[in-house]
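As structure tokens, here come the structures.
Same chain, two partners: subunit A is paired with subunit B first, then with subunit C.
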Partner chain A sequence: MPLLEINNLVTAFHTPAGRVPAVDGVSLSIERGKTLGLVGESGCGKSVTAMSILRLVAAPGVIEAGEILLRDATGAAVNLVTLAEPRLREVRGGRIGMIFQEPMTSLNPVFTIGDQIAEAVLLHRDVSRAEARGRALEMLELVRIADPKRRLDEYPHQLSGGMRQRVVIAMALACEPDLIIADEPTTALDVTIQAQILDLLADLRQRLGTAILLITHDLGVVAETCDDVAVMYAGRIVEQAPAATIFARPRHPYTIGLLAARPERGGHAGRKAGERATGRLRTIPGMVPAPQNFPAGCRFHPRCAFARLPECAGAMPELREVATGHFVRCPYADALGEPRRLDEPREQIA
Partner chain B sequence: MATYLLRRLLLGMLTLVAITFIVYGLARNMPGTPLTVQMGESDPSRKLNPEDQERMKRIYGLDRPWHEGYLRWLGNVVRGDLGRSFSRKQPVTTLIGERIGPTFLVSGTALVLAWLLGVPLGLYASARSGMADERATSLLLYILYSFPTFVAALFLQIVFSVWLRGTAWELPLFGMSDLPADASWAARAADIARHAILPVTCQTYVSLAYDSRFIKANMEEAVRQDYIRTARAKGAGPGRVLFHHAFRNTLIPLVTLLGLSLPGLIGGSVIIEQIFTWPGMGRLFFESIRERDYPTIMGLTLMFSVLTLIGQLLADLLYCLVDPRVSVE
Partner chain C sequence: MTDSQSRHQSRSFQSQGFWADAWARFRRKPLAMAALVFVTLLAAVALLAPAIAGTKPVLCRYKGRIYAPCLGYFDRRLEPTIFAKDRFRGTYPRNLKEKDADSWAIWPLVFQDPHRAVRENEWPGRPANPAKDEGRPNGINLFGTDQYGVDVFAKMVHGTTIALLVGVVSMGLAGTIGIIVGALGGYFGGWVDMLTSRVTEIVMCVPTLVLILAVIAIVEKPTIWKTMAIIGATGWTGIARLTRGEFLRLRQSEFVTAARATGAGPVRIMLRHILPNALAPVLVPITFGIASAILTESSLSFLGFGPPPPAASWGSLLNDARSNLSMWWLVVFPGVAIFLTVLAYNLIGEGLQEVTDPRLREARK
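The block that comes next holds the complex of A and B.
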């Protein structure tokens, strides 16, 4: 029984220019204590998916359909989509913690670090202020902040970006949640700090047994830290599988393209896609479609090197299990054939 | 801290000298002098003969060029002497002393009322942002805000002093008190309060509309910030998010607004005091300009400037208090 299970989640923004289905039928699951990497190009709906889980999508965003099941240790599930607000608040920060991309702005500038961590504790635990403060200190020690006693009374602006992100992590973990959602937790940080934060997360997961939903577009990070990977494209999951499987044998053409587009670090399976290994960063030709004009059929078909026309532009392919625990949204995943060169001009498909 | 205050003090002094210099220059170079305005206005036939004019000019010090006059005024101020009013034959300090109380009564009450009502109203508006009741309230406040004070004042006068004349709701048209000076203390206080109702209402509604809109705008800005999302992700409820996390951040601009309202507290509103014939500072200022009463103009200018500077300093100090990112250093 997975800890978190998302089924056919649809989250759309109702803008004056029309409905924007940023998340359009996402299904994925996270096992207890495991790390799931959610990858995909910018704008594919990763953050909106993450925000939907805790119903933090701001207006004009609305969760229109689907269910998000969170299970406790006994296997009893609650649907976060329909859960009443007060109960949902118990989940936020209590059973699910959240880490955001921007450590510089995600802490309140007018409260001390200690107060902000203690608040998370006080909101969920029946403890005194002093106990909450003690817990905040413990958490700062846990996330390995130097001189935690002093930091407790400091304000966010007195801390570096990396330290702030540690504080955010401490806050997210303060109530020992079952799941941490980390939305690009290192993107805004220096490379060396990035590695430290990822190490910290991996270490904490080991020690606390917290499951992690790690959103990133760095496949290197996924390779190092994740048990499972879900690949997202244009508001949908196109492939989910154990990380080892994805890297050894990607099945969806988009995943194949993503892996091939990685900066070369000594041949990964992605090269099988037939692209030249030139050692420089390559990208998948073409543009990510905006939610307002997702193409019909397989949303990847205008960019797919294996596309079969007109079939691929016809019906939307279903996510199907091609091997145990390996889901792919492409009917031709088993017999892709020879890729076409997409970087050369070709006719536009109507 | 001490060096900071010292620096602010020196800077303030320089600012004061600059302001008073400019105002003195402007006042002295306005067409007309106290003599022409005073005499010529009331009765053209009573114009002074040239010798008397020269004599008066010498007495008032108007025979010297204006920059010399400024230096003399400045010298007197340094010795603590604001001079005597030309038109009222009284020391400027006495005049200010008489007027400060009535002005403070009206603007102080209005300020307290405006904040007491404006802060909850602004918070309410931001909490219910976009809902029908909030839109109606905001529209009403906006109309109030864009309504000229003098129109509102005249309207209130017509309603309460003309239409309701003879009823229990009648309110005095103008002035501060109708009772003789020997009336009992309580009776006089009640009478003054009755006279103050309309001016206070007028002065309150403008700041009320402004304050609540200001708070709403700042709350909406704060609510968009990332840390609000963090607070919600922690499990904080809507009330806590709004009043603890967002409002605490809007205190920062609020403190500036409060500092800026300090001079108005003593300065009063020229328009309102004029319409209601309220014997306050705003009206004194207006009259002293009309009468080319240079010492009074300068005394009031100096006082407003000092208050403005104090207000700013106060705002900056409070700023350090509410925003940990700012320190006086």
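The block that comes next holds the complex of A and C.
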């Protein structure tokens, strides 16, 4: 049974301009010890999904529907959407840890690193201050911070971005949670530091058996770390499959577009070694629609290279299983399965 | 690189918290530091007032035991009863020797009483304090005497307590109310914010001085404590508004979301995560508030609504001067004391603002 199961989650913001459904019927599940990558462009609702799990969505955001089931080792589940606030606080940081995007601002500037990790421990464990401090030191060693004893008494502003993110990871892991939600953990970091942090996360997952929900817009990060991938577009999951499948045989036009938009080392398939790169990166035409004016039917159809009108503008396609463990929200997914179609323009299909 | 240079460098790299850093900057501001030293001195004077000016021994040995009669200046009940039983009638120097030849005493620096005029030969060989407009400042009466012959220096030394207490107590109260109200409104928002903001605005409309005068007219025993309570209960609005703003801003910050994600509850987040970050900007109006509270109390005393006699605040000395304008020393000394104290608090407040607000820090370099 999955560790975390999200069913038909709807989170909307009630702004003066009207209701804005940022997350519109998302279902996900994460198995114990596995890593699920949640991918999508900015504004597709992936961060709101993450925040909804711990009910951290700030007003005027409201979780309107759906359930979020968290299971313990015996399989007993609690629904985080309806859980009473005091019990929810036990889950936050205790059973689910969270890592934020911006390590520069997610640490409290007026407390030392040691204090902050120790506080996370004290909130969930019945230990003395000294024991909590000992645990903090242990955690700093675990996330491989050099000279942890000295760092314990330093303030966040004295640490580099990479080190701060390690501290944030240490805080999230301090109470040995079953699940870590990492919301773009490497976006704000240098490329070299990114790799280090991803290595660290992968290593910790293996050692501690923690499941990870990794939210990112970086497909490279997904390729390196995830077991499964869910692609989100305009508040919905459009494709979900094991990572290897997504990269080898993407079936949704949006996923295909995302993969094609990556700068590739060695160039596109078919380019000979030594040949110069063709210059421009491919892009997906158009913009992500704002939630208040999602198009009717398939929300991707105005930007889709393979769209057939008027069918695609009619009814919202269902998420269906096209191969074992491979779910796609597109009626033409079977035809789009061939990798060679990647480069073909709209006219040839339509 | 010389040894002292390298030591200096290693020190600047040392681990420093926000307050340590602010203090290091504050120390480099000569005016603010001078003001801080002045206020510290005043606090020392207030605390040691009976040892600085008084007619009761700081310590004395009498009939085989050691007493500290000077504590009677803080509270009459603290004065050992044996001296009343032996009919000292408040005059110690003569009585001590007459009634116990073996006695000894340590006397205050200045033998002058804040509550009554010193009589002739009370201190062996010294004349009585001059009354009316005779009592110009001289070697015995440093700041002169008032129209009843009471020493102004002794009165002022003992009035320091009131001046400092008024500021600290009333702003302590105002700070507590202001921070709580502002924190609740800023953190919870919505109808809580609506309510606290409206209450703040209503209280803001109440004129403090007039309210105090009205209350003094109604209550049976007006004391300095009631005055402080009213100054505090009406002076918190600015602090509340500032705190609310800080909490509104910080509640959105990522480290607060991070704290919620580790399972911290609202009280913990407000007290431990937001308040320490909001404290620096809130401390500034509190310091300025102390200065204005001292001024308010002085104004009240000047109008004749000060602490009931025999206690005297600096403001009530000014009130005495009103009817005896020829006695310039009644105006100058308390006036200067009030001026300097208010100035000192304002300088401290400004210094605090400069060292804790990064924008000012850059601008004033």
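Quick note on the criterion: the second predicted complex is superposed on the first by the 320 of 350 C-alpha atoms of A that agree within 3 Å, B and C clash if a C-alpha of one lies under 4 Å from a C-alpha of the other, contacts with A are read in each partner's own complex, and residues count from 1 in each chain.
Quick note on the criterion: a residue touches a chain if its C-beta (ideal position, glycine included) is under 8 Å from a C-beta of that chain, and two chains touch if they have at least 3 such contacts.
Since the model is a prediction, treat every value here as computed from it, not as a measurement.
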| item | value |
| --- | --- |
| Fit or clash - subunit C, subunit B, common subunit A | clash |
| Which superposed partner A:Asp153 touches (first subunit B, second subunit C, both, neither) | second |
| First, second, both or neither for A:Asp203, with subunit B first and subunit C second | neither |
| Which of subunit B and subunit C A:Asp190 touches, first, second, both or neither | neither |
| Subunit B versus subunit C as contact partner of A:Glu90, first or second or both or neither | both |
| Which of subunit B and subunit C A:Met98 touches, first, second, both or neither | both |
| Partner chain(s) touched by A:Leu54 [first = subunit B, second = subunit C, both, neither] | both |
| Subunit B and subunit C contact sites that coincide on subunit A, given as residue numbers | 54, 56, 58, 86, 89-94, 97-98, 100, 102, 105-112, 119-120, 123-124, 155, 168, 171-172 |
| Subunit A to subunit B touching residues, read off their complex | 54, 56, 58, 86, 89-94, 97-98, 100, 102, 105-112, 119-120, 123-124, 155, 157, 168, 171-172 |
| Residues of subunit C that touch subunit A when the two form their complex | 15-18, 189-190, 252-255, 257-265, 272-273, 276-277 |
| List of subunit B residues in touch with subunit A within their complex | 225-227, 229-237, 245, 248-249, 251-252, 322-325 |
| Of subunit A, residues touching subunit C in the complex | 54, 56, 58-59, 86, 89-94, 97-98, 100, 102, 105-112, 119-120, 123-124, 153-155, 158, 168, 171-172 |
